[in-house]
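Note that chain A is present in both complexes that follow, paired respectively with chain B and with chain C.
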Partner chain A sequence: MELVFDHAVFLRKDWQLEADGRFLPGIHLVSGKIGAGKTTLSLMAAGLLSPDKGSVKRNDIHSVMLSMQFPEYHVTGSTISAEVRSWGLDPDIVLASAGLEGYGKKDPFRLSRGELKRLHLHCILSRDWDLLILDEPFSALDCREKKDVCQRIDQKTGGIVIICTHEQRFFPHVDVIWEIQCGTLVRTGELPHALTRWSHAPARIRKLVEKGIIPENISESDIMEASCWMHE
Partner chain B sequence: MFRKVTIPALSIHPGRTAVIGPNGGGKTSLLRVLSGIALPQEGSITIDGVPPRQCEIGWVNEYPDRNMLFFSVKDEIASPLRFRNVPCSKADAIVTNLAEKAGIGHLLPRPVKDLSGGEKAIVALVTAVVSGPDVLVADEFDSHLDMETFEAAERLIAQSGASYSIQCTQNMNLAGSCDHIAFISGGKVQHYGTPGEVFKNLAGTCFYPFDWRIRNGTGL
Partner chain C sequence: MLDARMRLLATVMLSVAAFLSIFAAVLVFLWWLVCTPGIRVLQKSRYGLLIIAFSGIISVLIWFSGGDGLSYFIRMSVILLIAFWVFHDRAPGEFMDLSVWLFGNKSGFDIGLAAEMSIQSMEFIADEITRLRFAFRLKPVKPGIGTIIPAGGMLIHTQMKRAEDQADLLSMRGYIHGGTICPSFHRANGDIPAAVLSILILIVAFIPVRDIFILLQ
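Moving on to the complex of A and B:
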């Protein structure tokens, strides 16, 4: 199973994104400035956008899901229960796991954005996907939900998970870090070695690396443990 | 929202206030009535003795798309000035200056529909502060920003001149740097005070700032 960007180039009038690389099963983190092309990369990976040059190949990938940055773009049901059913899931089970029991007959747009994001992610993460692309999965979530989403992502094994995010604190255990720099997708590397080269690293991780402390990974517990070494 | 938010009494001090709390706790509802977009069903809100709808308020929606009214970024940011009949040449100069400060000068000719989510969020903030509002109310736009843009946004807010800057955020390090914090949960303001006062009540929860944990050596 692999996702291959083969010299893929997406062109716009005053902007372009070049991607050349292989995504193998595991958890991949993509970071970059706003407008760098993370969403464009996500759309190309999901097959919703074709590159102007090169190609994107999804080898031995039979199920693909893209979670868009704004959860409202996914809503098709007029009630919360209908929305859950539109994902082929049992509303009672999903609403219980999302802490939204009793809200089934409500309009999804009456939820707060954080709740809508939570509902959406619970629907997506209730199933297994060969290729799962999460565009800013943590935006709008409170810290408890971010931790829960990290745990759920950590439990996804066997498939390719790509997370595009600006999150600074909560991460699952990541296998590979990628960055978009000056319009080009760059494979920063596998963890933990990639942390010394990660130009978009959160401030806390940057401080650790500057002091010569390389966390094992970037989950909250990894960073806390590494920070304790700094105090010793 | 379909749940009740009840605030028997709350006095928010001038300066920077972070509104924090779990999803669905009532943060957005509070911001909507503070901004005058919604009215409370009971009771009243005043800002220095005046109802919100009679104040100059800059508003950043939690859904950046809902802030956008015009085709191009330049027209969007200029709109609050044009509604105030600021001469075009003066409005253009203000817009260009502020956009450059925010690091989005290159976006001015772009259609807003072509922007990324993070770009829409920073455009919404610049639009909210361009006319120098007395009150800035921002609903968690910061979760869409990279660190560099976040820092530019922080400078914009600091230089906005707003007497009250009230921002919902899930960034507890940011909340810790504000003058005051309101922690809302279950439709009630559970804690209000300085960051030290509020976070003292949240020690042991994930709402306690990560950097403070490290600093205090309190562990997880």
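Moving on to the complex of A and C:
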């Protein structure tokens, strides 16, 4: 199972994105500035945008899901229960896990964006996908919910998970870090070695690296543990 | 055509001319081929051909009800081509400049602001529809009557939310009525000849075709 960007180039009038690399099963983090092209990369990975040059190959991948930044786009049900059912899931189970019991008959657009995002992520993460692309999964969520999403992502095994984000604090355990630099997708490397080369690293990770402390990974617990080493 | 004032003038002249007669509509079509990017306009307006096809359906209905469907189709298609060109050539902030130039800093500013916000919303809705189609493909949900309600709900919801945010922003910035703006326009070499030509086409549209050939003899 692999996702291959074979010299894929997406062109716009004054902007372009180049991607060349292989995504194998595991959790991949794609970081980059706002407007760097993370969403475009997500859409290409999901097969919703075709590159102008090169190709994107999804080898042995049978199920693909992209979670868009704004959960409203995914709503196809007139009620929250219908929305959950449209994902092929049991509304009672999903609503209970998302903390939205008793909301089943409500209009999904009556929910706040945070609640809708939580519901949407619970629906997506309740199923297994060969290729799961999460575009800014932490936007509109509070710290507790971000931690919860990280835990749920950590439980994903077997498939390829790509997280495109500029989140600076909460991350799941990541296998590979990628960056978009000047319109080009760059494989920064596997963790923990990639941390010394990660140009978009959050300030507190950069601070640790500058002190010569390389955390095992970038999850909250890994960073906390590494911070304790710093004070020893 | 860079100058928005010339474009407005040409649009009014050509639309009236095309509406008046088939002969004028043919002249307008030739003007569209010569003075605009022509077919490239249609390539960029994804729904252009669809809208022309819709006017074709109306023409067939007119024809069945005893009217001159063909004449309607030719004239409407040419008017639509002019409309696509105007939409294609517009630049952000241009309606504001044009409106303030025409009606001044009070009413002109308000009209221009409303026009700019409407155009922005149209582009926003086009992006939203693209994303909705992506979401439907992902689930996968077959587009149909069952999906029109949530899709329409989403579009209305986001537009109302956006309108509310924009209203808050304008009110926070102290907007009550009117504003100050110095309109500026750029002009390309071909703008004036194209505008003059559009006026000539309107004049010709008022002359019966038979008279034109007598004049030519």
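As a convention for this text, the second predicted complex is superposed on the first by the 232 of 232 C-alpha atoms of A that agree within 3 Å, B and C clash if a C-alpha of one lies under 4 Å from a C-alpha of the other, contacts with A are read in each partner's own complex, and residues count from 1 in each chain.
The rule is short, and it goes like this: a contact is a pair of C-beta atoms (placed from the backbone, for glycine too) under 8 Å apart; a residue touches a chain by one contact, two chains touch by 3 or more.
The structure presented is a predicted model; accordingly, all values stated were derived computationally and were not measured.
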| item | value |
| --- | --- |
| First (chain B), second (chain C), both or neither touched by A:86 | second |
| Which superposed partner A:180 touches (first chain B, second chain C, both, neither) | neither |
| Chain B versus chain C as contact partner of A:34, first or second or both or neither | first |
| Chain A residues touched by each partner, larger count belonging to chain B or chain C | B |
| A:227 touches, of chain B and chain C: first, second, both or neither? | first |
| Touched partner set for A:111, first chain B, second chain C, both or neither | first |
| First, second, both or neither for A:72, with chain B first and chain C second | both |
| Partner chain(s) touched by A:121 [first = chain B, second = chain C, both, neither] | neither |
| Those residues of chain A which chain B touches in one complex and chain C touches in the other | 70, 72 |
| Chain C to chain A touching residues, read off their complex | 128, 131-132, 134-139, 141, 147, 149-151, 153-154, 157-158 |
| Chain A residues touching chain C - in the complex, by the definition given at the top | 43, 46, 48, 64-66, 68, 70, 72-78, 86-87, 107-109 |
| Residue ranges of chain B touching chain A (in the complex, touch as defined) | 1-2, 21-24, 27-28, 62-63, 65, 107, 114-119, 121-122, 140, 143-150, 170-173, 205-207, 210-211, 213-214, 217, 219-220 |
| In the complex, chain A residues that touch chain B | 12, 31-35, 38-39, 69-70, 72, 106, 110-115, 117-118, 136, 138-147, 166, 168-169, 200, 202-204, 220-221, 223-224, 227-228, 230-231 |
